[in-house]
Each structure stands twice: as C-alpha cells, then as structure tokens.
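Only one structure is covered here, and it is reproduced in the block below.
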Amino acid sequence: MRIRNMMALAVCMAAAATAGLADGHGGKIKVGMITTLSGGGAGLGIDVRDGFLLATKGSDVIETVIEDDQRKPDIAVGLADKLIQSEKVDVLTGIIWSNLAMAVVPSATAQGKFYLSPNAGPSALAGRGCSPNYFNVSWQNDAFSEAAGAYLSNEGVGKVFLMAPNYPAGQDMMAGFKRFFKGEVTDEVYTQLGQTDYAAEIAQIRASDADQVYFFLPGGMGISFMKQYAGSGVDKPVAGPAFSFDQGILGAIGEAALGVKNTAHWSKDLDVPGNADFVAAFQAEYGRLPSLYAAQGYDTGLLLLSAAAKAEVSDADAFRAALKEAEFQSVRGDFAFADNHHPIQTIYMREVVKEGDVVTNKMIGVAATDHTDVYGADCKM
Amino acid sequence: MTEPLLQIKGLHKSFGALRATDDVSLTLLPGEIHALIGPNGAGKSTLIAQVAGGLAPNAGQIVFDGVDVTAFGTAARARAGLGRTFQISALAMEFTVLQNAVLGALGASRSVWRFLKPVMRDAEMRAQAEAALDRVGLSDEAQKRTADLSHGQRRLLEVAVALTLAPKAFLMDEPMAGLGAEGSKRMTTFLDSLRADAPILLVEHDMDAVFALADRISVLVYGQIIATGTADEIRANPEVRSAYLGEEVSP
Amino acid sequence: MNREGLINASVYLALPVLALAALALDEPFTITLATRAAILALAAVGLNLALGLGGLVSLGHAVFFGLGGYAMGILASHAQSYAPLYDGWFVVEGTKSMPVIWLVAVLSSALAALIIGLLSLRTSGVYFIMITLAFGQMFYYFSISWPAYGGEDGLSIYVRNSFPGLNTLDPIQFFALVFALLSLVLWGMGRIARAPFGLALSAARQNAARVETVGLEPFRLRLVAFVISGAVTGLAGALFADLNRFVSPTMFSWQMSGEFIVFVVLGGIGRLFGPVAGACLFVLLEHTLSGVSEFWLVYVGAILLLVVLFARGGLIGSLAGREVADD
Amino acid sequence: MTTLLLIEQVLNGLQSGIMLFLMAAGLTLIFGVMGLINLAHGSLYMIGAFAAAAVAGATGSFALALMASLAAAAAAGAIVEVTVIRRLYDRDHLDQVLATFALILIFSEGTRWLFGSFPLYLDVPAAFAGPVTLPGGIQYPAYRLLIIAVGLAVAVGLFLLIARTRIGIQIRAGESDREMIGALGVDISRLYTIVFALGAALAGLAGALVGAIQSVQVGMGEPVLILAFVVIVIGGIGSIKGALIGALLVGLTDTLGGVLLPLAFGLFLDPATATSIGSSLASMAIYILMAVVLIYRPTGLYGVAT
C-alpha cells in the first residue's frame, strides 16, 4: 500500500509534464466531445457519440477527442476547460442535458469556440442568451411539445392532462404544449425528478375529466410510468415528446407502450434521402437500431463536414457562415437554421407499434411543418 | 461550619415498577469521607448518576454548596465544584496522560472558547496538570498515551483529572475496583490525604477500604438508605447485618 | 521536522509546484485542475474539523458547499443582470466582488450549520449520519424545483467575479488566490486543533462523559465545530462556483457529501493535511482513470475499498505511521 | 377530490410503503444483528432486478425470474459478506459507510459492464397484467395487490422467523449480546453470513417485484436505498416492527403529500404558484418527516437508546 501511495503522489507531482502534448493542427478541425458515457443516462451519450463517429468516419479533417461528463455539471465544466485549454479544440459538441449545456456553452462560446448541440436546447440559449458561435442541431426544448399541442388540437382533442417532472425542462415542455394547444388543460401535475412510482398520478388521471394525457418523463421515469399506466386499466390515450419513446427505451417498456403517439423530428422509417442508408450503416457498425440521439449525433457530424468543406476553422467568420448555411443532407429531410441558430424543421407524429417481435415507432403524420421556436425574437446577435 | 456541602433530600427515581431510588436523603459534610455501600442491585449506580447529573430524579432535591443543582446537567454540576471519577475509566484514550490532565485544568479555567493559542503551551494549565499528576504519582508517565497505561494507572489518572478541577467535593465511584491488594492500599492512603482538599462521597465495594477511610457510612438496600452512621455504628446495626453485612463480610 | 511534517510539506507544496510547472509549460488546464483540487481540499478541510476532530460523520456537508455556491450564483447573477436582489424599503444590489461574496457565503452557510447543528446534534451515531443526509436531500430537492434561480439548470455566470488587484480570469492568479485561502484556513485549523477548543472537541469525540465531568458541554463544542466546519465548506462552495462560473443543485447532492468524506478518509482522517492529500489524489484518479476506461468508477471503488480495509490512516497515515506526541 | 379517489391514494401510499418495507426489512435486520450500515443494499436490489430481467428474457417465466432474483441477490450478498463485509463489523460507522459506498461503485459499473447502459425489459406476468375492481368500485392494478400480498407475507414470515425458529432465537440473542451468543456455541460467522444473505435476498426480491413496474437500469438502487434508510431511521434502526411502521408512514407521506399539498396551497394561491410550491414541498416532505421524528425521538419511533 505504501509503495502505491508514494507512486500516486509522485504522479501527482509529475502530472504537469504528461498532460496533453498535442498542439497545432494545420487545416484540420479538432472536435471536443463532452457527453455522458457512464452512470445514469449513459445510453443517450453513447448514441450521440456513435452517430457522430459514424458520420465523421474516414474523414481526414476531423479529429475527435471524447470525454465523459458523468452527467455532472461541474465535471462537464472541467472537461470543457481541459478541451479548450489543453487539447486546444476548435469545436465543442456532445452534451446531452440542458443543465450541463447551460454550464458549459455560455463560457465556451464566450471564449470563441464553436458549440454544436446534438441534444438539449434550453430556452435561454435560444433567446436572450443566444450566441453566434452556438448552433443547435437538435431542437429547442419546447419544440416537440409545441408540435404535439398543435397536432392534438387539430385532431380535435378537447381536454388534456399534463404531467412533467418539477424542473426547468419539464416546465418548459408543458409551457410549449400549452402555447399551441387550443383546448382545455384540466390538470397540470409536476412530479419529483427521478420519481419511480406513479400510482398517485395515475389515480389522478383516472379521476380527471381529461380525454388525453400528455406527459414528458425522460429516461427511467417514462419507463416506470408507462409500465404502471398499462397495468392500471386507465384507457385514456397517451402522447408525449419522443424522449420517452426512443428505441433504447421502448425495448425496456415493451408492449405497454403500444399505441402511444409521440412527436419527433426523425424516425427510422422517415422517407428522406440518406435516412435508410444511415439506419443500415448504423446497424451494421454497432449491431443495434439507431435512436433519435444517434440521428442527431449523425447530423451534427454531417453539418461539421459540410462546413469543413467550405471554410477553414481558423477563419471563424467564414466557418460560422458555412455552418449557418447548413448544406448537408439531414436524415430528417429539410433542415435550416433560423436567425438564432436553432433548427427550422418539420416535426412528425409517430406511433409505437410492433413490427415482428420488435416494439418500435412508425410515422403517422406531420405535426408541424417548418417549425421554429418562439425565443428567436429575444435573440440579438 | 456544620452546614453540609452536599445535601440530598427525598430523592425518588423509578424505572417502570422498579423503585431504584426510594426517598433517599443524605448529606456530605466538609472534611469528611462519606461512604455509600450496598449489595449489588441496591441502586448505587442510579443514585450516583442522579448526584452527578446524568439522570434526572422523579422527585426530590439536590443542594450543593447552597445552590439547588437538581436541574443542572453533568457539566454544570462539575462547574459548580463537583469532581467525579468513574467506575470504568472514562478518559480520552488517544491523548497523552498530560493532555488528559490539561483537559481538566482547561475545564476549571473556563477558557475553552479560545481557538488560536496552543493549549499545551499554556504555562498555567500545564503547571496545574503537572501538579495533579505529581500528586497521584504519574509524573513519569506524562508523555505516555493513555491507552498504554495500566488499569491502576488509569484509575489514578481519573483522580488526577478530578484534582485539576480543584473541586469542592469529590464523587468517587468505586476507585478501588480492579486495583489488587497493593494498589488498593496505595489508593486508600491517597484518599485519606485527599480529605484535606475536599470531602468525598465514596461508593465502594472494598470493605477494608471503606471501614479504614469513612467517617460516616450509609447503607443502601433496595433503593432505600437503611442506616447511616460511623463505622462502629454500622458494624453494630442489626438491620445492616441481616440485610447486607452478613452476606459479604465477616465483621 | 518529523516524518509527518515532511509529508505534510510535500503534500502542501505539490499543488503550487504543479501549478507553476504547468505555467512554465503553458498548460493552463493543469492549473485549473490544481485549482479544482485545492478548492475540494478546502471543502474537505472544513469537513475534517467536524469529522476528524469532532467525530461527527456528516453526510450533509454538501448543504454548505451548495449554499456557498448559490451565494455566489445569486449575487453575481443579479449583478450581471443589473436587477436588484431586494427592492423594497431599501435596495440590495448584486455584486461581483469576491470578498463580499465570500462573506455572504461564509455567513449563510454558518447560519445553516447553526440551525442544522442545533437540530441534528441531539442525535448521534447512525441517526446523525442520516439526519444530516435528510437535510442535504431537502436542500437538493428544493433547489431543483425552485424555479427562481434556474432550478436543475442552475445558474451560469459569464465572467468570473473580481478580486481587487488581481485578474481572476488568469488561471494562475485565480489559483494563487485559492491557494492563499487554503493556506490561511489550514493555518487556522492547525491552530484550532492545538487550541483549548480543539483539545476539548477531540476529547468529546473520544469520551463525551469525560468532557462533561470537567465541566464542559459536548453539545456546545460540537455545535461550534459544526458551524466553523460548515462555514469553511461554504467558502469552498463559493470558490468552486467561481472556478466553474456555474452553480447547480448537484452541489447539494448526497454524492457530493459522500465525496468530501472520501477525500478526508483517503488522505487520512483527523490529520491536518489529510483532506488535501485526499482531494489531490481523488482529482488525480478522476483525471487519469477516466481516460483509461469507461468503467473507471470500478477502479475508484476498488481503491477506496482497499484504503478503508487495509490502510486505515489513509495516504498520510500509511506513510507517516501512528500519530504521537501532544505538541 | 372525491372520497373514492382519496381512498385509492391511501391504498397507493400503503402499497408504496410495503414495497419500501421489503427493502428496509433486510437493511434493519442487518443493522440489528451485525450493527452494520450497508449502503450497498441498493445494489443488491439492482442485482435482483437484473437477474429477474435476464431470466425472464431467457425463459419467459416470471416465477423463475423471481427465484433467480432471490438466488442471485443472496449469492451476491453471501460473497460480499465473506470477502468484505465481515471485516467491517468491528469498525466504526464511518468505515462501513465508505466501504459500502465503494461497493456501490463497483456493483453499478460492473453491472453496466455486463448488461450495457440501456434499461432492461421486465414485464408484469400476464396473469396479473390488468386491473381488478375492488369493493366500492375502485379499479386497482392486480399486480400492485400482488406486491401488497407478498410484502405482508414477508412481514409475517419475518416475525415468525424471529419469534419461532431456532435461527430467530440466535438472531435475537445476537442483537442483545454478541459475546454471549458466541459463548453459547453458535457459529457467529455462519449466522452473520446467513442473515446478510437473507437481507440481500429480500432486497433482490424487492428489486425483481418492483422492476416489473419500473425501470430496470443501473443506478435504480440508490433512490430506493435512501428512502429505505429514511424508513429505518424513522422506525428505529434494528426494529422490524419499526421498519414496517416507518415504511407505511413514508409511503403515505410521499404519496399523499404529492397529491394533497398542491391542492392545499391551491386554496389560497393561484394554481400555477400552488402547483410549484406544493410540488417543491412535497419532494421534501419525507425528509422533513424524518427530521421531525428524529428531533422528538433521537433514536426513531421504536429504536433503543444506546
């Protein structure tokens, strides 16, 4: 034990000499990816990483350094410092969670680095906190819920029961839904973040007059809710944003999710050029179906390649303009950036179905065409 | 002058149906050693705990040096001048012997709320502590870890810590326990000299020591004091003989 | 100088030597890493007073760390947006001045420690561990669900707060500031441990009855220790938030409290420089192992387990041997 | 809110309390007999759920899955007891907390190594899939009634085990006096391994039962571990009866707090503020409950002062 400790101390003293020696990288683009690879929620980060790496595979301009943020904001900030100061990256990407993005993005863009968001779009970064160097390749947080509100209104749904965890993203989602929903919101319930038992909420749903449930419960919370809802015998139809119904999660919910409608900007059966190839390539490379997050990671990679083909990253203005043009074939179809560098894209309604033995999503219609967020008006850049 | 230093009046303590202390009254006069004896289970520990402050009585009053201390906690009674030693040594085992003694001096000095001055360099406290160790004969062990002391030495250290408080009265719970014949004899001589400092309320099983030391003896049986008197009076008391002495010692 | 003194000196000097070496080699991130280690060390030094000297196993010290962080976040965000903090009979403005923020952080965490201590110190043992955990969870959930200051998203501060005469955005200058505070607190803690208060507190950990018998109240000793301890951890929280230019509810999480205990034990419980060694070692492990494997936490777990089972004095304990002598 | 809904919510509270009891019983038993705080209890819960999901996936049988969860958790418990835990019995609580904290890291990341980062599939058996109608017209999921039944059976079984059997006598003797039981010729280390494995098996069973209606994923053990600790601390550590009462109290507070607090604030605040404050307070409710209990009874409701 003593020898081990002494060695540890020696390494502590000497760490300066060994920390990152690479520097100076010509016409190449050095990308720092901070994403969640261990602990809770690692599945999302792994998908984003794999999608991004699939897109940039074989490229000789893009060099990617990948770091694990463990879903902890302070770790993410430390990694951003490391990537900027030590690895001297040009572009950052990879963050999954809004709270981590809020921790990293403002200071990274203030230091002149580009940040491409492959997931998470907190409203602050779309509005007053927007930045010329920040490009959101996924969605603004409210988008799927706004589209769902619009879709359900058009379907003639009159009364709805809303449920989300009691934290900013949850509150944003519900606000987004209400912004576009024309009917009546009978109940609005905020649950504890990380809650695992929804018996009380399901009883409230049963007792409510609403004829539709709309909820946002990401990750394990959604799995728990759906399994419990299916066993409760309550038969009000359920809808939500795609986060609770991506491929990784459907496998765990199983048939309990059948029939649920969810909004997304992508589906593996979306008939746009390149999508089928992406799905096939992803399956060939990693042996599993790609998720929404994988698609976003893939698009992020394509966007970066498209900009790299037009401009040197050292010329920030030219590179920024190249990114803004977004000339790449998104697996989501038409894709453009609004003035606040958030996507203008079509959002679809999907339904959970069983294909053979696999529970998966199927497209059933368009929820909102060329949808963009409402915060752009506050963005001055 | 005959005003008692410690006065216990009508003390009651029950645990459920068990009356562990049943209307106990006793006094400790200046300059005396008052021994409290009684068979196992008579309620000595319960009584001591109430006098020391660890246990609140159901009824009764404890007056110490003219102040009603019944509502005082252990620390407050110690500050009022009651120096206590334990049946099982209660010392800071990681400390050196000297540190334990200095802790006593620190308690007496009422200057614990100082955060920057090294306590072991405080000449006054150190002198007090060393004097107390010297009196019990532990000077040579001052730098030893307390955990490394022998059982007998720990008993002496307990007394030394009590001495640093310069108490108005001692409350000693079986100071001879586990000392062996030689140790007991030394402790007896020492306690005899201590009576000049302050009176002692002594709970003890060692009857030789009790009869050698005590000016007065009280006998506790089933929570009640059945007799109080000089050694000779207690020896002669028929109630005590039948209830207690007959079983344990031959007079 | 004895052996432990020598080890202490090298642990203490390791951080500035590392930072200066990094400065020479132009590796600013290594300076940031050293700053992070120094701040976490400061938090653990605070905990060590309660845990090491006082024997109070607090699984709720993240409360004070988080309060310090939010003191910084709230004051700086108001200063950033020019919106007064309180606008009623009088006006309270936000501030970007570190000394003011530190003062607020120390006072608010001391106040919280006073209240939590008054309630928690009535219990002992496992119950104390659990009630402090409960207070930590209360603050954690409250900070997540209270929308005024960002909820789970936390608060981002775009520019580091200022200290008169220094450019705090320069890594080495901020490191120097943090290290100076750490040194000051270490000096203070060293004095406290040897002062009358420290002797009495340590005795209360070893044998509460002994302390009472000499006329001292263990409850009060522990309460004061808990308050000082919380205040120091609160100061560390404000610095941590400034290092990251960000504060969020994770600073209140029970894992954070757990990590502080790990620093203290890894380095050597109750030893002045133990928390510094522990935090340094932990940051080093985090930095090197996370590059080795996705599953690097397994190795951290294994190392921690081995230290607890076989190296009870922690890093400094294994190197220096048993603590002796009183002065 | 109607009376019927309130009754249903009370039932939900009781049900969630009983799920917690399954976790808390093992935890409190281990503390009562060995004096050990085991933070890794949540990992055993997770192991039970993962074993059940793996076996259910391979065989399709829920009964086999439950047995697998018992066996896997008990085996993991026994292995951990023999290799690590038994070195901790004579250590202070701090060492126990840290060593078992380290075990959490090892178990969690080890499980992720084996099973990957995505949640696993484990569903309610077909026989218990739907709701049943209770007297009064309340529709209630059959599976939750099954959990209540299993929980009560475990409670009764534990009381009988401790009151009536030979090993129960040894457990009780061990709680009161460790040296004594050794002197009586009982093989303490074997007894401890058995008790630990028993506690682990209960946690594993809870994990499998609950896993069927929740998410089977790495890290699922920690939230329930903290709740279980709240339960046994409220009940008094070491007391099975305390664990049962504490679990029901926590279950009811958690469920009814989440439902009633926003409604209560809605009486005098506007709906949005009421929901926000009510939900914030509800998430703190059980911790406030625990703090209040400890302030009035520093060793819990049925705890023994030490």
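For clarity, chains are labelled A, B, C and D in written order, and residue numbers in each chain start from 1.
The working rule: contacts are C-beta pairs under 8 Å (C-beta built on N, C-alpha and C of every residue); 3 or more make two chains touch, one makes a residue touch a chain.
Note that the coordinates shown come from a computational prediction; the quantities given were computed from them, not determined experimentally.
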item	value
Touching both subunit A and subunit D (chains)	C
Chain separated most widely from subunit C, comparing mean CA positions	B
Centre-most chain [mean C-alpha coordinates]	C
Geometric centre distance via CA averages, subunit C-subunit B, whole Å	43
Whole-Å gap separating subunit C and subunit D, where each centre is the average of the chain's CA atoms	32
Centre-to-centre distance between subunit B and subunit A (centres being mean Cα positions), rounded to whole Å	73
Residues of subunit A whose C-beta touches two or more other chains	38-39, 166, 190, 192-193
Shared-contact residues (touching 2 or more other chains) in subunit D	108-109, 112, 276, 279-280, 283
Pairs of chains satisfying the touch condition	A-C, A-D, B-C, C-D
Subunit C-facing residues of subunit B, complex	52-54, 73-76, 78-79, 83-84, 86, 90-96, 98-100, 102-104, 106-108, 110-122, 143, 145, 161-162, 164-165
Complex contacts: residues of subunit A adjacent to subunit D	38-40, 42-43, 46, 166, 188-194, 196-197, 199-201, 203-204, 206-207, 219-221, 223-224, 227-228, 230-234, 248-249, 251-256
Subunit A-touching residues of subunit D, taken from the complex the two chains share	1-2, 5, 8-9, 12-13, 15-16, 19, 108-109, 112, 116-121, 123-124, 128-131, 139, 141-144, 210, 212-220, 223-224, 255-256, 258-259, 262, 271, 275-276, 279-280, 282-283
Touching residues on subunit C, where the partner in the complex is subunit D	51, 57, 59, 119-120, 122-127, 129-131, 133-135, 137-138, 141-142, 144-147, 254, 258, 261-262, 265, 269, 295-298, 300-302, 304-305, 308-309, 312
Subunit D residues touching subunit C - in the complex, by the definition given at the top	31, 37, 84, 87-88, 93-95, 97-99, 101-106, 108-110, 112-113, 226, 229-230, 233, 237, 276, 279-280, 283-284, 287-288, 290-291, 294-295, 298-300, 303, 306
